[in-house]
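Report on the following structure.
A, B and C are the chain letters, set down in written order, and residue numbers restart from 1 in every chain.
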Amino acid sequence: MRYVRMMAATLVVSALAALGSAGTASAKTEIQWWHAMGGALGEIVNDIAAGFNQSQDEYEVKAVYKGNYTETMTAGIAAFRSGKPPHIMQVFEVGTATMMAAKGAVYPVHQLMADQGQPFDQSRYISAVVGYYTTTDGKLLSMPFNSSTPVVFWNKAAFKKAGLDRAPETWEEMGEFSKKIIASGGAECGFTIGWQSWSMLENFSAWHNVPFATKENGFAGLDTEFAFNSPLHVKHIKQLADWQADKVFTYGGRRGDGNPLFADGKCAMLINSSAYYSGLRKSAKFDFGTNQLPYWSTVAGAPQNSIIGGATLWVLTGNPKSDYAGVGKFLNYMSDVFVQAYWHQNTGYVPITNAAYEMTKGSGYYEKNEGRDVAILQMSGKAPTPNSKGLRLGSFVQTRDIINEELEAIWAGKKTAQQGLDSAVERGNNILRKFEKANK
Amino acid sequence: MIENRPWLAYVTHGVLVLGLIVISFPIYIAFVASTHEVENLIATVQPWFGGALIENYLTVLQSGKQNAGGVPVNTMMFNSLVMALGIMVGKISISIISAYAIVYFRFPLRMFFFWIIFLTLMLPVEVRILPTYKVVVDLGLLDTYAGLTLPLIASATATFLFRQFFLTVPDELAEAARVDGAGPIRFFVTILLPLSRTNIAALSVILFIYGWNQYLWPLLITTDTDMTTIVMGIQRMLFVADAVPEWNLTMTTAILAMLPPVVVVLVMQRQFVKGLVDTEK
Amino acid sequence: MQKRVTFRNLWLPYLLLAPQVIITFIFFIWPASQALFQSLLVEDPFGLKSNFVWFENFEELFSNPLYLDSMLITAVFSIATTLLALSSGLLFAVLADRAVKGASIYKGALLWPYAVAPAVAGVLWLFLFSPANGIVAAVLRAMGYEWNHVLNGGEAMLLVVIAAAWKQIAYNFLFFLAGLQMIPRSVIEAAAIDGASPLKRFWTIIFPLLTPTTFFLLVVNVVYAFFDTFGIIHAVTSGGPAGATNILVYKVYADGFVGLDLGGSAAQSVVLMGIVIALTVVQFRYLERRVQY
């Protein structure tokens, strides 16, 4: 019976707690910003929001962590469908096409700024960063926030042992250098990669100025088709697969799962997002350098420029009109040179404004932190072509998974490079057609 | 033990100890990780303890704001506690009376209701999460404990368990009660409920932990950071985009988050033994 | 199944059922039917445009060889996990029930895995088996075996079965133990006096009395293997490598949540739901007959 009483008491307590937990009203207009920045990055996000809140007293930005990129996007969609969307939502670059197609739900940034009569100078943004998120006539749809690009991290100590003092510039050199390093005992394997679709196919295409998909990588129409099973792509993937035999290349997993192979000294090089820089600084016990992606010297037009990864901030409709003035103010605040410099220097991401880049350069930051500017130089080295502006492909998240699956089959020797890439293209095209149908 | 066969005792203990080691190994690793500096953990899995135990635990407990996105650890633990207790109590209460109705009464639509309730096991929450979210919004339950708890007590595991149990209770007991002139409610409260003690204890453990470890649903339902649960906090530290998680502090929080469920297990254990003694029929 | 002795009461049973039925209706039936209805639509994620397409989503599913692969993978995964988790749980429960000394330590420690949040559990197992720096992987390498679940599909499946069963063993252990502790001592003693060996006692007396619990756990384990293991797969292999651990429920999540293909994902849910209902009905029809109440 004591038991029953205990249960009853708990029930009453819970009921009271449930009744008493209504929200409180605040005098400032609240702006909800849903993001996917966990851990230390989330701290910095909170700092930025706090800075804005303190700088004026009409609006209050509430930064809410809503899970990883996928969860945040789904949460935003669920909220929109239920009539209570956040004002600002962080969406990763592969969700761009989905967001763009949602014409009734999305409030394009350029239009928001124009409607609010707020000053908005698009030229302050680095064109390579912004290009991904503009329409074909250059109007900005969403605000870039955290952007990175794949680079090569190379283990200086291992290189030295093999008598090498610089990173490889071409893919041919990647093979040669790796073999030398393995022979001299500097490392067990040459290089490993991460985010393989992004680094070895999407950026590979941009860097070599070849299409990843038709119709300008999807910018010019929903009837785009994948093109990454061209002879060049097949040659590249086949080479990687073959290199596994000599341990020139070792597959370590999707995303950043292979990073420990580099940090432990097992692989002499790592091709992965520039954003991992600070994490690697902490975990690698050796001095390493950062360098640009390698290219096939036989391809004319390479190296071009690389495309970004990461996420941007999209504004959603569905909230009271008066709130959007605050949203506009916040977006401007975020582009402020000091905020951008702070964000860039404290995370692995690139600055999105020219001013922030110049300021950081002027302060000698890049001399003290060698390699932090490789990413931005690689992205903006040349003006983007239709092949290197970015991607606009529907349901691309699913296609990335397909590409992951097919590449893994190739690495495991279950399929040849041609078979795997052909299959990925075919499956990916099915997804594109489905997207096209749903958004006509 | 009934008879004295010493070798059997060795085998028993031997297998149990082996099982214990294998089962506890991952948790041991987590605890070890929580005692190290972060640099030691990024590249390798440490097999033995480091020296940063006090430091890590203090960091997480005191300046909880450091690593859980501005929410103190004790707020999150409190939210998790209310949610877990709510689910535990709510689910057990509604399930035991439903199972009682289904097993001990004859009425039209009896099997229909049984299958309706049982249907809830057939579709996982991830699938119906978007429409459920809409229902909760429509009812105005966003950012409330009710919204956190109610949708999760709608599944049939407990009802099923009680049904199984009630079917094993000898008919003589019900007969005797009827003969004594006791109504169904008296019978339930004075006879059935005490008999169910062991099962209620087991279910309490399971449901508390189930509620405690919920991630996806609280993530969707709460936008007020004050409503964050502890597992949401841990997830946030684990899955950092483009960066390396702070493993030592993450594991510290994970270990702390495991403590209340472990306490519940220890407390409820006594009920098992008690149940044994009381069910001597 | 019903008791011989029942109460006759017109309104009481409905009153007792009411709370659960009402909650089930509001928070399950209503949203679930909406979710299932979506299987007949092709929609954009934000719900701005939707087209009614009858059974096209289903046609697409069944003509996709990868979907059929996924069914096979799910079958393998569920059977392996259920067998491992049930037998280990039973073994530990029987032994813990016998052990007089240290009983509470065993009971506590064997339940810990259940207290660990799925994502954390997944990460822990990844840690242990990571080909780059995991302890178990290193031990295997020292014994001459190159463990790499990132490339080898069979190893990936083994890893997720172990990780999923690890959690479920604790659950089964708990209920088996509760079931064992309800068996009256007198019955067991009587059999011992009659000269039955421990093994014989177990199979002829204890196990039959455990069948209600076993039936419950069998159904729950199957459902668990089909549905709740998605968290582990998500944390450990994401359905890879090359789709080797892409179980049906993970596919539902991947297509619905991640890919935002709500129509296709809903169609998959309908099929999944159908499979589990069929399995449960079979279990109730054919197995429950052998349960001794």
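Convention: contacts are C-beta pairs under 8 Å (C-beta built on N, C-alpha and C of every residue); 3 or more make two chains touch, one makes a residue touch a chain.
None of the values given here were measured: they were computed from a predicted structure.
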{"item": "Touching both chain B and chain C (chains)", "value": "A"}
{"item": "Of A-B and A-C, pair with higher C-beta contact tally", "value": "A-B"}
{"item": "Inter-chain centre distance, chain B versus chain C - centres from mean C-alpha coordinates, in Å", "value": "15"}
{"item": "Length of the line joining the C-alpha centres of chain A and chain B, rounded to whole Å", "value": "36"}
{"item": "Residues of chain C touching at least two other chains", "value": "130, 133, 257"}
{"item": "Multi-chain contact residues (two or more partners), chain B", "value": "43-44, 93, 130, 134, 235, 238-239"}
{"item": "Where chain A touches two or more other chains at once, by residue number", "value": "71, 74, 77, 81, 260, 264"}
{"item": "Parts of chain B lying in touch with chain A, wherever the complex brings them together", "value": "38-39, 42-44, 66-67, 69-70, 82, 85-86, 89-90, 92-93, 129-130, 133-134, 137-138, 142-146, 149, 189, 193, 197, 200, 216, 219-220, 223-225, 227, 235-246"}
{"item": "Residues on chain C engaged by chain A in the complex (per definition of touch)", "value": "42-49, 51, 130-133, 150-153, 238-243, 254-255, 257-261, 263-264"}
{"item": "Residues of chain A that touch chain B when the two form their complex", "value": "3-4, 7, 10-11, 13-14, 17-18, 21-23, 32, 34, 36-43, 46, 62, 64-69, 71, 74-75, 77-79, 81-84, 86, 146, 148, 256, 259-260, 263-264, 273, 275-276, 278-280, 282-284, 310-311, 347-349"}
{"item": "Partner chain C, residues of chain B touching it in the complex", "value": "1-3, 5, 8-9, 12-13, 15-16, 19-20, 23-27, 29-30, 43-45, 47, 93-95, 97-98, 100-107, 110, 113, 116-124, 126-128, 130-132, 134-135, 150-151, 153-155, 157, 159-161, 164-168, 171, 174-175, 178, 183-185, 187, 198-199, 201-202, 205-206, 209, 212-213, 215, 231, 234-235, 238-239, 254, 257-258, 261-262, 265-266, 269, 272-273, 275-276, 279-281"}
{"item": "In the complex with chain C, residue positions of chain A that touch it", "value": "70-71, 73-74, 77, 80-81, 98, 101-105, 251-254, 257-258, 260-261, 264, 266, 395, 397-398, 401, 404-406, 408-409, 411-412, 414, 431, 434, 437-439"}
